[in-house]
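Chain nomenclature is as follows: A, B and C, assigned in order of appearance, with residue numbering initiated at 1 for each chain independently.
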Amino acid sequence: MTLQLDSDGHLRHLLTLDGLPREILVRLLDRAGQIRDTALGRTCKRNSLVGTTICTLFFEPSTRTRSSFQIAAQRLGADIINFEASTSSARKGETALDTLRNLEAMGVRGFVVRHAEDGAAEMLATHAGEGTTVINAGDGRSAHPTQGLLDALTIRQAKGPDFSKLKVLIVGDVKHSRVARSDLHALHTLGTGEIRVCGPQSLLPDDGVLKGCVVGDDFDAMLEDADVVMMLRLQRERMEEGLVSSLDDYHRDYGLTVQRLRRAAADAVVLHPGPINRGIEITDEVADGPQSLVLRQVSNGVAIRMAVLETLLA
Amino acid sequence: MTLQLDSDGHLRHLLTLDGLPREILVRLLDRAGQIRDTALGRTCKRNSLVGTTICTLFFEPSTRTRSSFQIAAQRLGADIINFEASTSSARKGETALDTLRNLEAMGVRGFVVRHAEDGAAEMLATHAGEGTTVINAGDGRSAHPTQGLLDALTIRQAKGPDFSKLKVLIVGDVKHSRVARSDLHALHTLGTGEIRVCGPQSLLPDDGVLKGCVVGDDFDAMLEDADVVMMLRLQRERMEEGLVSSLDDYHRDYGLTVQRLRRAAADAVVLHPGPINRGIEITDEVADGPQSLVLRQVSNGVAIRMAVLETLLA
Amino acid sequence: MTLQLDSDGHLRHLLTLDGLPREILVRLLDRAGQIRDTALGRTCKRNSLVGTTICTLFFEPSTRTRSSFQIAAQRLGADIINFEASTSSARKGETALDTLRNLEAMGVRGFVVRHAEDGAAEMLATHAGEGTTVINAGDGRSAHPTQGLLDALTIRQAKGPDFSKLKVLIVGDVKHSRVARSDLHALHTLGTGEIRVCGPQSLLPDDGVLKGCVVGDDFDAMLEDADVVMMLRLQRERMEEGLVSSLDDYHRDYGLTVQRLRRAAADAVVLHPGPINRGIEITDEVADGPQSLVLRQVSNGVAIRMAVLETLLA
């Protein structure tokens, strides 16, 4: 994916963390870290994007991610247009492109795109005019790069910059998860010591996604000594598809409880991209407990998105 | 309700006018009055909330109240996120709390909350983090404090600051009305001379809400010499519930007409929280007539909300 | 339509281009042209409407036009409220008026109105308070004045200010098109040399709209030597109404193809108000080809709306 870098190697779009040079990734984390310490103070506002119009172009509904990008853009002084195209209106790739071109012609410079189809953001970036930036806010099951970045920042804040010492465990529906893919890309790029992936066979991908990972379906065994436990959200429709026998079974085998968490390192931290199915992939005690970084992830999300918007558009 | 005051007696949330100290209430009215005279000038904008993000968190739809808060926040320079959670998606208390915590983590400082359940705003305020402010924009049938404040301001502008000389009549579905409850709290706190409440028995509350009021179901009799007539909106579903026999009957017995209004004091003023069911609780002639303060209430609504936001967040 | 001018002949509302004095129309085009060259630069923002609240009051859905007005207002520093009243909720004229009056009382100064009924914007302007401005963003089949202005600006940029030398052809469903009506008004006012109108008989108006135009149903013949070809959007419901036999037939008779376009002048330009039904009224090759000004129209739309908002509200 060189599309997202210009000929000088600078970031032009943010489509995926796959193949993103380590120095660019680290610079984004550094920038977000600074922003978090200063500008995320609740009354501080930057002006670096005054006069820039950003459009959240969502073909899949997502109040949470959209709000995070919107707040990030507002904090930078940008103008924002929210464009919600429900999937129900069966918008096709071509129509998405027409929408982009029209908004470009209106002067929109940055597009934050969410789409149910793999590659949608890349397709739009391919056809975008010069000076237009596309940020992938989640496409199909392919990538959700700002989530990967915010997770990496959250781990780095908790465990320090040397990922080579870390054992990181990703748990759940990796097969259908763009979050997991972007997390894996970030963890590989940052040189994570050991990446473990755990879930029922039906929810593990069979392509090359798990290359270089320790893979297994025994959650208790995989938890041993883990420094970071990254839980994924279970889509309830997986049960209807027969990939999960029941929510109770799933919770019994892959739900993170306080008891189970004791198998991990004593200072292990727990992440979840939200929204949490409380009592299914994670219990209330863990989600709201001292090892949980769930709300820290949400805060870091705004900082990461500010860093990404500023890097791409300022 | 001491939750809304901090240990120094300053306002931290605005949840209800019930028990709100008179001096705090009067200070909000004074502040709104100043704002109305100056900043509500149509091109004047304040900067007291630049850098502050406010979220309108509406679990019940209401374009009108949300627009009023949104305009108030914009006039103060705040950034705004509109979060609409339809009641149809059956959001529960816990989910509302998760939503609040996530938006808090994103840096939102003020939440303007509307919810169909009594006590929802209070519940959120109880669990809100330090530095987070909750403003009740209407919960169940309990309270709608900014409406109570704007009604009090409207009466004070028309009749002067001494409420002890006033006869104020509230008419209609008091039983289900959060507006009526907040009006009653404000009127009691401001020492209103006589508070009369009128409506069909089926629409009058049977708990202690009407303590200290003169209560009756004969509209004509209750109107005599009234200085202020506060009409309530009739929810059409009350007819389906059998609480009102027909809209025609309701209008005949409790509709305010020009003829009827003559029974009140010659300089009586008429209020209605809107939106008006024209021809049911009030005729066009009265709604648009010289004694109507309906649009003045709407203007005062923005001023009150600016005063509340500034007091709580600046 | 003198309602839109005040007693000094200044523009107070923008409701229609019908009867709008030529000098006012030309001044708006000049202003938009300047804005396009300077302020539409993608990072430039003006402050002429800081402190002014504008409401997009849409009783018909239209993301595109609304976004264009919203971006224009943001570029001028205005605050914006989006008020969407779906037609499904069967809002009547009176309710639209109540909505306007309430938002006026909240301090909204400019209303950008779209409505399915002819005359809706005029009705609101008639009842609007002093200091309130109404901009028609499309009412029924009557008028869409900012579209007429942006089309005129687009033609002027391509062909120069002397319209008397131009042969302009309008093609398609003129009968139901407010765009066509506003285009015709602008073209007449600017002294266009020859205005041709072409479409199937069932889609041509039978009132006086086409006075002074050359009218015909033979697209090939009408295209000869045309300098400007303005294609209209075909509403698919026209087929259900029996006004068009089939989309294939329509495309065969009135679809603009590269082959057909050769009949026009060699330097002819093609306009379309969007969104395009690709392959029906216009092929991809023409829509995206070198003679197409479709995206230029979209850009000009923002400039025109900035000029209109500034002229009316600054």
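In this text, contacts are C-beta pairs under 8 Å (C-beta built on N, C-alpha and C of every residue); 3 or more make two chains touch, one makes a residue touch a chain.
A quick map from chain label to UniProt name: A, B, C = Aspartate carbamoyltransferase.
This one's a predicted model, so the numbers in the text were calculated from it and none came from an experiment.
Residues touching across the chain A and chain C pair largely diverge in numbering: under half of the numbers involved belong to both copies.
Note: Cα superposition of chain A onto chain B, rotation of 120 degrees, nearest 5. With centres set at the average Cα position, the gap from chain A to chain C is 41 Å.
Under the contact definition stated at the top, not a single residue of chain B touches 2 or more other chains. Per the touch definition, chain C reaches chain B in the complex via residues 50-53, 79, 81, 83, 94, 98, 101-109, 131. Residues of chain C that touch chain A in their complex: 40, 42-45, 63-64, 67-68, 70-71, 74-75, 274-276, 278, 295-296, 298-299, 301-302.
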